[in-house]
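Residue numbering begins at 1 within each chain, and the chains themselves are lettered A, B, C and D in the order written.
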Amino acid sequence: MTTSNSLVYLIALPLLGAIILILAGRRADKWGHILGTLMSASSFVVGLYQLSQMLGRSNQARPVTQKLFEWISVGTFKVDAALLLDQLSICFVLLITGVGTLIHIYSISYMSHDHDRRRFFAYLNLFIAAMLLLVLGNSYLNLYVGWEGVGLASYLLIGFWNQKPAYATASKKAFVMNRIGDMGLSFAIMIAFASVGTVSFEGIKEHVHHTSTGALTAIGIMLLVAATGKSAQFPLQAWLGDAMAGPTPVSALIHAATMVTAGVYLITRSSFIFDAAPTAQLLVVIVGAITLLFGALIGTAKDDIKKALAASTMSQIGYMILGAGLGPVGYAFAIMHLLTHGFFKAGMFLGAGSVMHGMNDEVNMRKYGALRKFMPITFATFGLGYLAILGVPPFAGFYSKDMIIETAFNSGGTKGIILGSVTLLGAGITAFYMTRVMILTFTGKSRWDEEVHPHESPLLMWLPMAVLAIGSVSSGFLLSRGDALVNWLAPLFEEHGEHSELLKPIVVSGLALMMVAIGVAIAFLKYSRQEVASVAPEDVSVFTKIARQDLMQDRFNEAVFMRPGQHLTQVLVKTDEAVIDGAVRGVGQMAMGSGALLRGVQSGFVRSYAALILVGAVLLIAAIWVVTN
Amino acid sequence: MDAANYLYLSVLLFTIGAVGVVVRRNAIVVFMCIELMLNAANLAFVTFSRINGDLNGQVVAFFTMVVAACEVVVGLAIIVTIYRSRRSASVDDASLLKR
Amino acid sequence: MIELALAVGQTQTPEAVMFWILAPLTVAAAFGMLLVKKAVHSAILMASVMINLAIFYIAQDALFLGIVQIVVYTGAVMMLFLFILMLVGVDSSDSLTETITGLRPIAITAAVGFGGLMVSLLSRATLGRSAVGLQVANENGNVKGIAQLLFSTYVWPFEVVSALLITAALGAMVLAHHQRLQTRPTQRELSTERFRGISLANAAGLPAPGVFARHNAVDVPALLPDGSPAANSVNATLEARGDMLNSGAFELGKIDTSAGEEK
Amino acid sequence: MNSLTLLMLLPIFGSVAVAATPKAKETLTKQVALATTLIVAAATIAMAVSFQRDNVDLQFVEKYSWIPTFGINFAVGIDGLALVLILMSTILAPIVVLAGWNESHGGRWSVKVFYILILVLETMMIGVFAATDVFLFYVIFEAMLIPVYFLIGGYGSGQRSAAAVKFLIYSLFGGLLMLASIIALYVMSGDQGGHTFDLQALSQLQMSSTTQNFLFLGFFIAFAIKAPLWPLHTWLPDAAESATPGTSVLLLGVLDKVGTFGMIRYCLTLFPDASKTFTPMILILAVISIVYGAFLAIGQRDLKRLIAFTSISHFGFITMGIFAMTSQGHSGATLYMFNHGFSTAALFLVGGWMISRRGSSTIADFGGLQRVTPVMAWSFFLAGMSSLALPGMSSFVSEFLVLVGTFTRYPVHAVIATFGIVLAALYILIPVQKALHGPTTAGNENLSDLNLREKIAIAPVIAIIIAIGFYPAPLLKVINPASAHVIAQLGFTDPAPTNGDK
């Protein structure tokens, strides 16, 4: 395998930026944002350089590695700090650094009024570094470092405005739920080491063929748990909505384009395990299917523009997970959807940020309306992203999402029909709620408060939006032209046999477009034809109420885990004090008690002492009597 | 006559003395009971001396008497001192030891 | 019991007669010590026990000890006891009710156990052995025999005991010594105090006890002209000790009503 | 510097120097103490450099006859395990002195006494890890209690006397059991070729399994109290709550390590068979400690108690690693001892500064510190991240090694213990949220950030935490041969990959 000495710069540059910005403190306030952006951009340049190098090599020689140093080595447990850049990683590297740089640029302006902007850039750089480590690590343990690293960055960024208690709680919730996922990853690593004896991708891949399906299934399921945590999939999805507490660029970068897709990366990266563990693969599909509907349903009821987009993200990642769960045929499409989604969702989030920027940080869509006139560029870029997510040809989503729907239908038998229907239904619902977002935000009558004066965002903000909009328009076409991405990634995955086609691609596209049209039509009927209340109506159906509460996910978590956990904690604290420490104190008190009891004998009365002496003498003589008897 | 009878008498007197020490409250009576116990012991010594045909027992009894005399002198002085400060000769009143 | 009967049967010599008369008397006197209320009576009973013991000593060929017992013990030590009794108050009588709960049953049970065990042990130890007797040891006389032992074998303990005796004497002196906090007032000062004091009522001295009262005993307070008892006519010691009779009982005209005592 | 005896004497000389400083010049006293600890740290590092890493025998061995009548020697020597722990202790000492510059004020006794106690304690900390004579070990093991007792009882806060007494009695109880076992060993050594207290000789003793089990328990209970293992842990929160932060660092960071160190050095070496017999039970206790300590930490309202309970959880990991009987578990446990010293030190020192500034140790009294005192908040946050074993922090390496090492032989235990990492996130993030985040609560607006002295004190701790997190190889290379040696002596080999055939 080719080795390279420059891989480390991908990570080192943004990491250096983060360290400088954190250590320099207030001194860096003036130039911190520029340094941060430069570091991210230079990492992007390194990524482009690596891509150009990679393009120049033959298909098999494309992956490059770099061993940095021996990290942990105890007995047979040997893990090097080493990086691996292959066709899969490079997609992510470019997405992370590219979109990341755009969002850095956007943030310069978006965060210009925040006097902690330097700190924000430090965190962003830290995130970029961690995310790159995640996708570049050559073993699960290296990946794990990045995995938790992005969790940390996400925690710091969600809680960037942690002076608001709700935001601080949201960041904590995200971290803890991510940790549950991380636990799955550590289980996977432990099982891998115990059963295979190594934790590197290469090593496990070599041993897959003589490892039992049971072990592989266990590893696969645990990896899936990890993926659900990081990618906000069912059942660990609850944190994503609250994570919108972070500044909007963060939502765009971390909670739409990159970090939340790490689960998809993990599953694709572990394709060799899932391909050999059908049960785990089936679970992946099920999780994906559930989440894509789950997220879509939540999206229909949200009035908070960011939370609606977050629900959409959850749903779209559901598509990706489902795609990745379909096996070799689906990996490339999952990645493709991941990339296109990275463009259009990041674009839409930035658009949402732009709207908020002009609307005094108002996030309630019911207080928007008619913004098209005031923010034409935002409307245009957001609209392009909207068309992309709907899957309207020739926008990006059309290529990637239809491929997943098609693959789902073609996965065979009842499973195929169910999955296909679910994905189709999801597409329809997506069309409905995204149209709702569009209508509520940009069209109709204005519903905002008097003191709000909407205005278009400055150049530094709309430029990244425009770039992402271009991506939303063109990326799907570019990636799928001549199966470019599929062929690019093919060497990494197992060959897949031809599947029987249940439906012709054109039929699938037709069905999908029909569903989209239905969704759009319903939304139009519901929101465009009649007045929208600026306050959310209360007399809604029970389903809407449930959807507004994120399908009861928080209630469920609170009732099943949090409250019993709190009770358990309280009981244990009391038990510790009363029973365990009580036993210890009891021993002490027993000594003191017996002392107090015996102290009664020491009455101070000479006569009672004398009586005791007498009793003692009697006992002594009795002893003599017994002994001499 | 069997000399052991004196020993039984000695035991009896000793026991009575012991009970007196415990039961009586007047310090002087308590003291006298102690004397009674000492005397009972002396009687035993004298009897042993006779049984063994040896004067050692009598010498020990003699020493006991001397020690008893010393003890009486000091003890009574203590009683007087206590009486002077506490206006009482009851041993129960001198129970400050517990505090 | 059989052994006791045997012992009774064996006791036929004059010594036995003496023993069986005096021993019960001794035990009775000892018991009496426990039971009588007044310490003086106890002392007298104690003295009788001691004299009896002296007789037993002499009967057992311990002439010297018998004499010492009478002279030193009964004569000196017991007199010392009586002196102290006088000092403390000869009339004071003990209450025999027990104040410490459970003490008396414990003491009696223990004593009975003690006595029983000792008797049982003694009977085991001496059964079947007859006394050697002191005829040989007392060949040159009891006093000489003891003296020989004392000044040869026991000379060192003897010296130590003498030191002890001196120490005890010194100790008693130290204990009994009462340090004066002020100089003793002179006659003149006392007289001045009487006349220059708060009142002239006591100028002629305190009233004598018993004056105008129905009894003229030392513990009955005098009556004042108005018929109320004069508390200061009785020695304060008697009052402190609780030996003073309730003067209210002797108050004129108020014999049946109880009047609080004036201080 | 190649003499352990000399190393042990250095702090004693320092304490004499401290005693000689004039009473009025407190700063001079502190400077002398700091200089001494720095010299000791430098000497230890020099020693570590000349340590032969691949040699599994004891090194720097010294032996002087002490009480010849009983065959007691002043015998010292170190292997990789002891070296790592001595290194940790002597590096922590100057940090504690510097960080707790003002801790000695407001005590029962003078400033001088405080530093004399610290320096004497440092001598014993070196000695207890270096001793190779069981009797010498026992003497130091018990004698260490004395300075700590006075440090808690004389300079602590709150119920300091009660806490000090509780600590002392708990420890003495354990020590007593150990003494009984030691005497039994001594007696048995007499029957088998001459009375001795030499560890090497004692480990060759033949004894019945019943005897071995009882003697093992004598040692183990003493160490389990020290290392606080559930359910013998209740002295620790009280002691940590009352002690000054610096004392707590030495108490949890170093003294408690004597427990886990003793488990390896004495329990495993002297009683290999009994160790195997009791392994299942001890592992269960360890797992309970991990989860229980974490839950209790979550439920604490007092910052110091919280940190104490996190330590109980961490000690559960260490114990689990020791008794997993795999090289990963063992090396991980040893590395964990080192790392825990620093991560707890960071937590306690920063927590201590927060508490002394605010005048309260109740977590709820803080709030919004990140806005007011960013450096202090960052330090606390990083310390917390180290405590929850975030990858990149040193604790992660050791915790993961322990988990992996345990998993290969005892998967169920490892799985339950892994739940501890979720709880760890909770017990760190809850105080972080309450103390650092949220609006600045009343009374906190004017707290001052760390001053230069405090920054200098905390910087090396955090630097070590992060450095070892990314590059633990220097330590692992010292630890691995020693761990492998112990495992091999016990007759264990690491389980081979199963290929899933379970």
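Note that in this section a residue touches a chain if its C-beta (ideal position, glycine included) is under 8 Å from a C-beta of that chain, and two chains touch if they have at least 3 such contacts.
Every value quoted in this text rests on a predicted model; they were computed, and no experiment measured them.
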| item | value |
| --- | --- |
| Per-chain Cα centre nearest the global Cα centre, belonging to chain | D |
| Chain A-chain D separation of Cα centroids, rounded to whole Å | 37 |
| Separation of chain B from chain C, taking each centre as the mean of its C-alpha atoms, in whole Å | 12 |
| Between chain D and chain C, distance of the C-alpha-averaged centres to the nearest whole Å | 72 |
| Averaged-CA centre spacing for the pair chain B and chain A, given as whole angstrom | 95 |
| Per-residue multi-chain contacts in chain B, two or more chains | 18, 22-23, 25, 92 |
| Multi-chain contact residues (two or more partners), chain D | none |
| Two or more partner chains touched - positions in chain A | 603, 605, 607, 611, 614 |
| Chain-to-chain touches, reported pairwise for every pair that qualifies | A-B, A-C, A-D, B-C |
| Residue numbers on chain B that touch chain C, as the complex places them | 1-9, 11-20, 22-26, 28-29, 31-33, 35-36, 39, 42-43, 46-47, 49-56, 58-59, 61-63, 65-74, 76-81, 83-84, 87, 89-90, 92 |
| In the complex, chain C residues that touch chain A | 100, 103, 106-107, 110-111, 113-114, 117-118, 120-121, 124 |
| Sites on chain A touched by chain D in the complex | 22, 25, 69-77, 81, 141, 144-145, 147-149, 152, 155, 159, 162-165, 168-169, 171-172, 175-176, 179-180, 182-183, 186-187, 189-191, 193-198, 207, 210-216, 218, 568-570, 572-573, 576, 580-581, 583-584, 588 |
| Contact footprint of chain B on chain C as seen in their complex | 7, 10-13, 15-16, 19, 23, 26-27, 30-31, 33-34, 39, 42-43, 46, 49-50, 53, 56-57, 60-62, 64-65, 68-69, 72-73, 76-77, 80-81, 84-85, 87-89, 92, 94-95, 98-100, 103-104, 107-108, 110-112, 114-115, 118-119, 122-123, 126, 129-138, 142, 145-146, 149-150, 153-154, 157-158, 161, 164-165, 167-169, 171-173, 175-176, 178, 240-241 |
| Touching residues on chain A, where the partner in the complex is chain B | 602-607, 610-611, 614 |
